[in-house]
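Chain nomenclature is as follows: A, B, C and D, assigned in order of appearance, with residue numbering initiated at 1 for each chain independently.
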Amino acid sequence: MKNVTPVRVIYADTDAMGIVYHTNYIRWFEIGRTELLREAGFIYADWGGKGYHLPVIEVYCHYRQAARYDQVLLIETSVGHVNRATVKFNYTIWSEDRKKEMVEGYTIHACINAQGKVVRLPWEMIDIIKRALD
Amino acid sequence: MKNVTPVRVIYADTDAMGIVYHTNYIRWFEIGRTELLREAGFIYADWGGKGYHLPVIEVYCHYRQAARYDQVLLIETSVGHVNRATVKFNYTIWSEDRKKEMVEGYTIHACINAQGKVVRLPWEMIDIIKRALD
Amino acid sequence: MKNVTPVRVIYADTDAMGIVYHTNYIRWFEIGRTELLREAGFIYADWGGKGYHLPVIEVYCHYRQAARYDQVLLIETSVGHVNRATVKFNYTIWSEDRKKEMVEGYTIHACINAQGKVVRLPWEMIDIIKRALD
Amino acid sequence: MKNVTPVRVIYADTDAMGIVYHTNYIRWFEIGRTELLREAGFIYADWGGKGYHLPVIEVYCHYRQAARYDQVLLIETSVGHVNRATVKFNYTIWSEDRKKEMVEGYTIHACINAQGKVVRLPWEMIDIIKRALD
């Protein structure tokens, strides 16, 4: 299962080099994984309401091509792995025609509870995320 | 009382026009008012700890000159007014040599309590902020 | 003519008060006016290619209700005025059901040419923008 | 040679989890490497004026501890390597008392010229950056 969500580059996303500032792709990764999880039936906001969060503990990003103002980009997201300790998401950001791979990367997330303590991912959460692995 | 705090423009602050993206000056206003209040003995973080916040309810900004990458800017902040309903801060952002007025603006803030309800500003808060009016 | 464009709040847009950080609505204003102009046949990126830009010279924003994580918001944008010196856009940001007015504001823009000089808005530009006034 | 530059967390840097949003540390990496280079006599803005830029081609970040509103953090930056193809910077972000390592990571940069083409790093650039290796 792969989620593909489009975003359009605005001025706020660019920098004085004329290209998208590098951290903004990583911000878009958040959109990608939220929409992938939503598609799998996992509403991140609901889990947050119960006190569970999945903060990013590692991020890696490789920038291949620079995106520019007003370009439409496609954020493609898939689950890399999910286990009791961590969940990993893989991302590729494409040009709108899918001919250029702009950026690829991953994020790894742990689970914390309402007290901010690192805990094992609840089985229910793992089961839902696993749907996105199929 | 006026607080003057310097910031240096980084690429993240700029856009593809080669200048600072307009919302970033308003982000710097936050630095200005926090430091002004700190100077007056008001630690915003401590009030937040007690559940009181001063969310922005109005902002106005006039952009006179465009700032560029690596420029040092001076954020000058003063209290416009403070009463039981609102507190207003005025800002001028200068070039480092103070010869150019880049931006001027204001923010108006209400007070909310731990339940997120709009409340009157506590007298103790007003008294401390008033110190910054002298 | 009014353009309505949806955005969904992500964590990146929020702050430790649990609500959308105030400058992010103003960033969304950019999406609103770009899409309104696109609808009217004005591709901002094309004018930028010719060296013309419409930098923000004034912004005002009134925050009425706080938006939260994962909320869908509607950015409603219309042209306030357009003349040879400036163009003004008005914005209202609504909750998805349009029952709550979260934020309203405006931006005023001047025109600069490829040399960064303030110039009169080209008649062709004014004519296209005027379509959005109907 | 290591550069240590302080930053103070503002509301704009935080998210609704109550902690610094993960991309902001990577934005602070930019401050760290710019100040390290400045200390070594390399003014990034001057090279940009000549048309040379060092865009980020890879970033990695490991988040160990969450920073919070109003905390002062220390960005420690050093050069990992520099050769004709790339330059690498290593970063550790510390709590103000240096007792907690909040984040560590690296960025790798290629060199592009005024035409946006990837080129070898000019020898003069390499020589200056090498000063920061001592």
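One rule holds for everything that comes next: contacts are C-beta pairs under 8 Å (C-beta built on N, C-alpha and C of every residue); 3 or more make two chains touch, one makes a residue touch a chain.
What you see is a predicted model, and the numbers here were worked out from it, not measured in a lab.
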Set of chains whose contacts include both subunit D and subunit B: A, C
Identity of the chain that, by mean CA position, is farthest from subunit B: A
Between A-B and A-D, the pair with more C-beta contacts: A-D
Between subunit A and subunit D, centroid-to-centroid distance (C-alpha), Å: 23
Distance from subunit C to subunit A - Cα centre to Cα centre, in angstrom: 27
Centroid distance [mean C-alpha coordinates] between subunit B and subunit A, Å: 33
Residue list for subunit D, restricted to those that touch at least two other chains: 11-12, 16-17, 19, 23, 27, 48, 69
Complex interface listing, subunit D residues touching subunit A: 16-17, 19, 22-24, 26-27, 48, 53, 55-63, 66, 116
Complex contact set, residues of subunit C against subunit D: 11-12, 14-19, 21, 23, 68-69
Touch list for subunit B against partner subunit D, complex: 8, 10-12, 27, 30-31, 34, 43-45, 48, 69-70
